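Note sheet for the following structure.
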Amino acid sequence: MKVFLTAIILAFTGGALFVNLGSIPDSFLLSHTASRFYREAVVTETGALNTVSAILYDFRAFDSLGESTVIFATVSGIVLLLSRKTLPVSSAGLSLIVKRTFGILTPFVFLLSVYIILHGHLSPGGGFQGGVLLAVITIIFCIIYGSSFDLSRYPPQRKTLIETTGALLFLGVGIIGIALTGSFLGNPSAWRGVPGTLPSAGSIVPINLGVGLKVGAGLAIIFYSMIQKTLKRQ
Amino acid sequence: MSDTIPIIEASHFLMGFGILLMLLIGTYASRYYQVQRNLFYLLLAFFTLSFGVVIYTTDWIYFLIAWEGITIITTAMILLAERRLAAQYFLIQFVGSNILYFAIIMALGEGYSNIVPLEEPWLQMLFILGLGTKSALLGLHFWLPPVHSRAHAPVSALLSGWSVNVGFVMMLRLLPEGNNILFFIGLAMIFYGGAMAFFSTDYQVLLAYSTLSQLGYIALGIGSGTLLGQIGAVLHMVVHGIAKTTLFLGSGLWEKECNGRIIYRFERAFYRHPVNAVSTIAGFSSLMGMVFLAGFHTKNLIKHGTEDIYATGFLLYGATLITVLYAMRFLWWGILKDMVMKSVQNRREKITCTYPPSVSEHVPLIIGTALLLAFGIYPPLMYMFLQLEDPGIVILWWPTMIENILFLVVGIALLALTEGLFFPLKPVPSLNRMLGLVITISQKVSNSIFQLLFPSFQYQLLWIPLIILFLLLWTNFI
Amino acid sequence: MIFSPLLLILLPLGTAFLIPLVDLFHVETRRLMVIISASFSLFLGFAALWSAWPELLAGTFFHSYHLSGWLPPLGINLAFDSLGLLFSSLVTLFSFLIIVYSIGFIGHHEGKYYVLLFLFQAGCQGIVMTGDIFNLYVFIELSAITSYALIAFERDRSSLEATIKYMVYGILAGVFIFLGIIIIYRSLGTLNIAEIADNFHRIPLTLQRTSVVFLLTGLLIKLGVFPFHFWMAKVYGSAPASISALLSGTLAKVNIYILLRLFWVGTGFSVLREAGWDRFLLGIALLSTILGHVLALREREVKRMLAFSSMGHMGMIVAVLSLNTPLGLFAGLLHAVFHALMKTGLFLSAGYFLRFREGPKEKRFTGAAYRKLPIFIGFIIFALSMIGIPPLNGFFSKWFTMQAFLEKDVYPAIALIYSGNILGLIYYLPFVRQGMLGKESIMKQKSTSSPTPGFFYQERFVTTVVYILILLVMSSGLLPFVFQEPFEVMIAELTEPIRYIEHVLGGIIHE
Amino acid sequence: MIYSLCFVALFMIGLYSILAQRDLIKMVIGLNLVEGAVFFWTITMVREAGGVPIVDLAFPELPMVDPIPQALTLTAIVISASTTALLLTIIVELNRMARTIEIDSLKGLRE
């Protein structure tokens, strides 16, 4: 009965929504949109090639600040929820072969994430994507080598430190922007460099770095907190 | 002669006597409240301030502030005696003031930006309803006996002697033309209150119903819309205030002396507290309208003002008879019985007074009695205070005296024939049952609505697509 | 100019980022930092109000800030107008009070708690100031996520269930708001509120309404108006009292701000009116008023009762705003401010008794008067203000609300306000009575002392905050006319969104 | 058109999963479906001839898709992931206490 009722209501809602969405105009009703400007002037205005990165860390950098703050808040919330005084730690890992293999692979994972973070303004990728890869390292540590290994190599305090550093780096770049360009998160033209090269695109690179550190450490903390719970029985 | 009395003059008069009554109550309370004395004085001071504002202001908001101030202060005073009673009293008064609040908003909507006489009958009715809760109009009076029977004597004196008048002052200002409904309510109140007082066995309940009956005269005077009626109402407010304050303050002494307020148990009351007994007799005599006491004059004014309207003049004789009957009944049981029935030897027995009144308790009683006498013997004194020309009504005292004697004879005869009109004891009236019912019903309704509205979590969530569907269909079809 | 609106966001944000870092090294320093930062942001808020006051009265107050240096249609801008100033001051004030209150109130996991609290403050300030609709969404989510975590702070079963319930509603609300924004973007190609306001009428009518449906549904869920009110009692009842106060006092008011900003300025109220949705809004808001008051009658737990009462009052605010008359807007804004003061006070004073007593939740209010009389009297004063006793502030907002309804001849609403008053009294009375039950000596034994000794953990912080709120409630009741002039300016801004558009777009209206 | 259809279908399937499934985890999946549907619809906003939103310095005139929806979606995805993580954490905690994640057996959700 309930299922049937729900299905009927949802079907009608979907139909009505679909009918209404049919009248979406084919092109923007405004002719001089921000999107057009971004496409035309991204290289000259920011020095970045990756337009999405340019939008995320320059044109709409404040959104990204809010977004990384959301991650920060989530991490704080999860740590708050899962914190107990005695954290059970497991030292059980997978077999030796897996451990050796990942011993070789892990540095490359790290390298890849650093590459993605630092080339955020040139190629697809950026702070978030690279950060997620950074967090993978913790996952590898915890699963392959046991969480006690992760605890000793990469203790939660250090993760917190890295995360906070990333956040403050973002904020710091914003404040430097005030000093250099007069507006928060401004992209100082002095840092632009030659478009297409690694040290270019002004403040996008440090912001990418900050976000990468923050997201990496944040997700690592989330994973670490959660796995502590599930491994409790061992 | 203008149709209405200038309210400003009456304001000074009322204010002056209000302050006087507060001083009397304050003097009395200095012994009654030993622990919370300062608190009580603070409340009294605020009360004085509030009714001053009610009497003088022309602004609705200030009026409402003062009005609620009176509610809160009287609640706090009742709180000194009993918590539950205070809550009940506050609830009832709050409902009343919300009606008033509504009436004011409506008046504002009709364009009355200040407190001025109202034209629309429905608006007048709303105001009578709103003001009636505090002034204990018939139908809204149900809080009066329970509250008086439990609250402390000074608080009862304040409520019954003065707080109830505040609403009538407002009615006087809003309805200078009178109001028929108020008139009839007043008439009904006189008889209803009198009858209930007649059957009461608890002294303070009796006083409460007597208040109801006397307020009927005030309502009558205001409702008639005649000048004499209004002057009579204003004067009666004060005279009744003084009399009731004296009686209630006295009742506090009786209560402590006689260990209770059952009127059959006042033994040798006269010999124990002679001053109190005299003031009680004077107070009741004033209520009865005996000559040479103030009540005589004010009741006559009201009678003169209203007797032409319907057969009121005739009815008021009956009203006086009822007043005489309940007053005589109490006086007989409370005071006179011992004086008449006991032998001389018995009378001379050593009187042991368990609660000797102090000077501070005697002074208000004496002043009250003196005022009643003074106004009764020399009525122009009242007009002097009212700063009004004597309306020139010559009220001869001797026909009234004959009437009085007639009534007294009837009363005494009735008492003698029925051996003092003994009625079995009644339980003290209480609001618990009614308000308990209100709360139980409200909780039940609330509970059933909750059960209805809060089905399982997912049914709750189902509202979201439902509302979206509703709005989307609306976009397409409307 | 002593301040920049940006600082009001960045200061709590920076503090939140720094707290974990400082926490690693020295705990006492963090406590000091919390207080200093909270005070400084209060100072900033005051400075903003102080310096803006003359401009506010003159009606010329407007501050915009172009982030990253890009002009409005290209980048994100902060548009700080007088309406924003009002709500920003509210956020600043209540965040400060609750941070100070929490010092004596929260006994464990303080580091994360303050991080979340500061982030919440930053999120609310961001909502109030931003001039970009997507940025608005981001900040809505920021404040929502922090509030999720804060509600679950107690980590008992009840609060976890409450959080799940709230999160499901909150996430759906977020998605709907996002969808509404995307529909607008997909039609117009802009995210700037001023530009949207300028061009919203160009969107095909069905699409206008579709986007409004989703934005409105999302916001109504957040506001807890009638068919979406189910989360309120559970959440407010299970969260720590300080957080309930924050949600009911601040977040709900910020949501009112979003409602005003989106539908009065962003889309223009005519969209709602022409579709007849202002009547719909009025209807469900009034329904929610009466339901809130009626449902509160059954509650025996003080915070749940307050939650339902809150639902009733929020409904009333939405109802009176939806009249869209100057008087209605005035009454709505006034009641929003006053209700924030009263409800925060109620939650905080009730929280004091709940925190410092032992026993089951329903019993903890018993004998409260003997635990600390002034706080209990404060509770009574707030309750009296809620039911509209004249010299207190609740009376005045209801007074104007009623006049606004009368002006539009919405008589049922007037009846609802009165019944709300009387029902309010009926549901507050049992708690007052319960608080006065029992004997003094017994009650003193049952009470627990402050959680841990130390300067920063004294009950005094808690009580001081309640006293401040009592003072505010009483004084704002005595001085309601202070609000008159600035509110008129705000109302003018709301009724003529063209001024906002001109301010943001610098006088040049595109195309 | 087809994108809108997909979007609506996904959206409604997600809502169905929230409204009809009795498991909290499935409810989370439903929430993610709803969010995912909106994100999907956002990034399918192809107005002009497509192309990656990355400037090729060698061919600066190449057409480029509107980059803003991508940026918005990226932001929104992160937010959505954060909320999901928090929600899952809370469900884990609740499961630890109540030993169930059936919506019907969690009476507290109703109140």
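Per-chain residue numbering starts at 1, and chain names A, B, C and D are given in the order in which the chains are listed.
The rule is simple: a contact is a pair of C-beta atoms (placed from the backbone, for glycine too) under 8 Å apart; a residue touches a chain by one contact, two chains touch by 3 or more.
None of the values given here were measured: they were computed from a predicted structure.
**Q** Give the label of the chain whose average Cα location is farthest from that of subunit D.
**A** The most remote chain is B.
**Q** Going by the touch criterion at the top, tell me which pair is linked by more C-beta contacts: C-D or A-C.
**A** A-C
**Q** Centroid of subunit C to centroid of subunit D, CA atoms only: how many Å?
**A** Centres of subunit C and subunit D (C-alpha means) sit 28 Å apart.
**Q** So, what's the distance in Å between the C-alpha centres of subunit C and subunit A?
**A** Subunit A and subunit C have C-alpha centres separated by 30 Å.
**Q** Distance-wise, how many Å sit between the C-alpha centres of subunit A and subunit D, to the nearest whole number?
**A** Computed from C-alpha means, the inter-chain centre distance equals 16 Å.
**Q** Rounded to a whole Å, what is the gap between the Cα centroids of subunit B and subunit D?
**A** Their C-alpha centroids are separated by 70 Å.
**Q** Multi-chain contacts in subunit B: which residues touch at least two other chains?
**A** 454, 457-458, 460-462, 464-466, 468, 472, 475-476
**Q** Which subunit D residues reach two or more other chains?
**A** 15, 18-20, 68, 75, 79, 82-83, 86, 90, 93, 106, 109, 111
**Q** At which residue positions does subunit C touch at least two other chains?
**A** 134, 138, 141, 145, 148-149, 152, 155, 165, 168, 172, 186, 191, 206, 209-210
**Q** What topology does the chain contact graph adopt: line, ring, star, complete, or other?
**A** complete
**Q** Along subunit C, where are the residues that touch subunit D in the complex?
**A** Listed in rising order, the residues of subunit C that touch subunit D are 134, 137-138, 141, 144-145, 148-149, 152, 155-158, 160-165, 167-168, 170-172, 174-175, 178-179, 182, 185-186, 191, 233-234.
**Q** Touching subunit C in the complex: which residues of subunit A?
**A** Checking each residue of subunit A against subunit C gives 17, 20-21, 23-25, 28-35, 37-38, 58-63, 65-67, 69-70, 72-74, 76-81, 83, 157, 160-161, 163-165, 167-168, 171, 174, 177, 181-187.
**Q** List the residues on subunit D that touch subunit C in their complex, please.
**A** For subunit D paired with subunit C, touching residues are 18, 24, 27, 31, 34-35, 38, 41-42, 45, 68-69, 72, 75-76, 79-80, 82-83, 86-87, 90-91, 93-94, 97-98, 106, 108-109, 111.
**Q** Using the touch definition from the top, list the residues of subunit D that touch subunit B in their complex.
**A** 15, 18-20, 103-104, 106, 109-111
**Q** Residues of subunit C touching subunit A in their complex?
**A** Subunit C reaches subunit A through residues 6, 10, 13-14, 16-18, 20-21, 24, 65-70, 73-76, 109, 112-113, 115-116, 119, 122-123, 126, 130, 132, 134-135, 138-139, 141-142, 145-146, 148-149, 152-153, 155, 183, 186-191, 195, 199, 202-204, 206-207, 209-210, 510-511.
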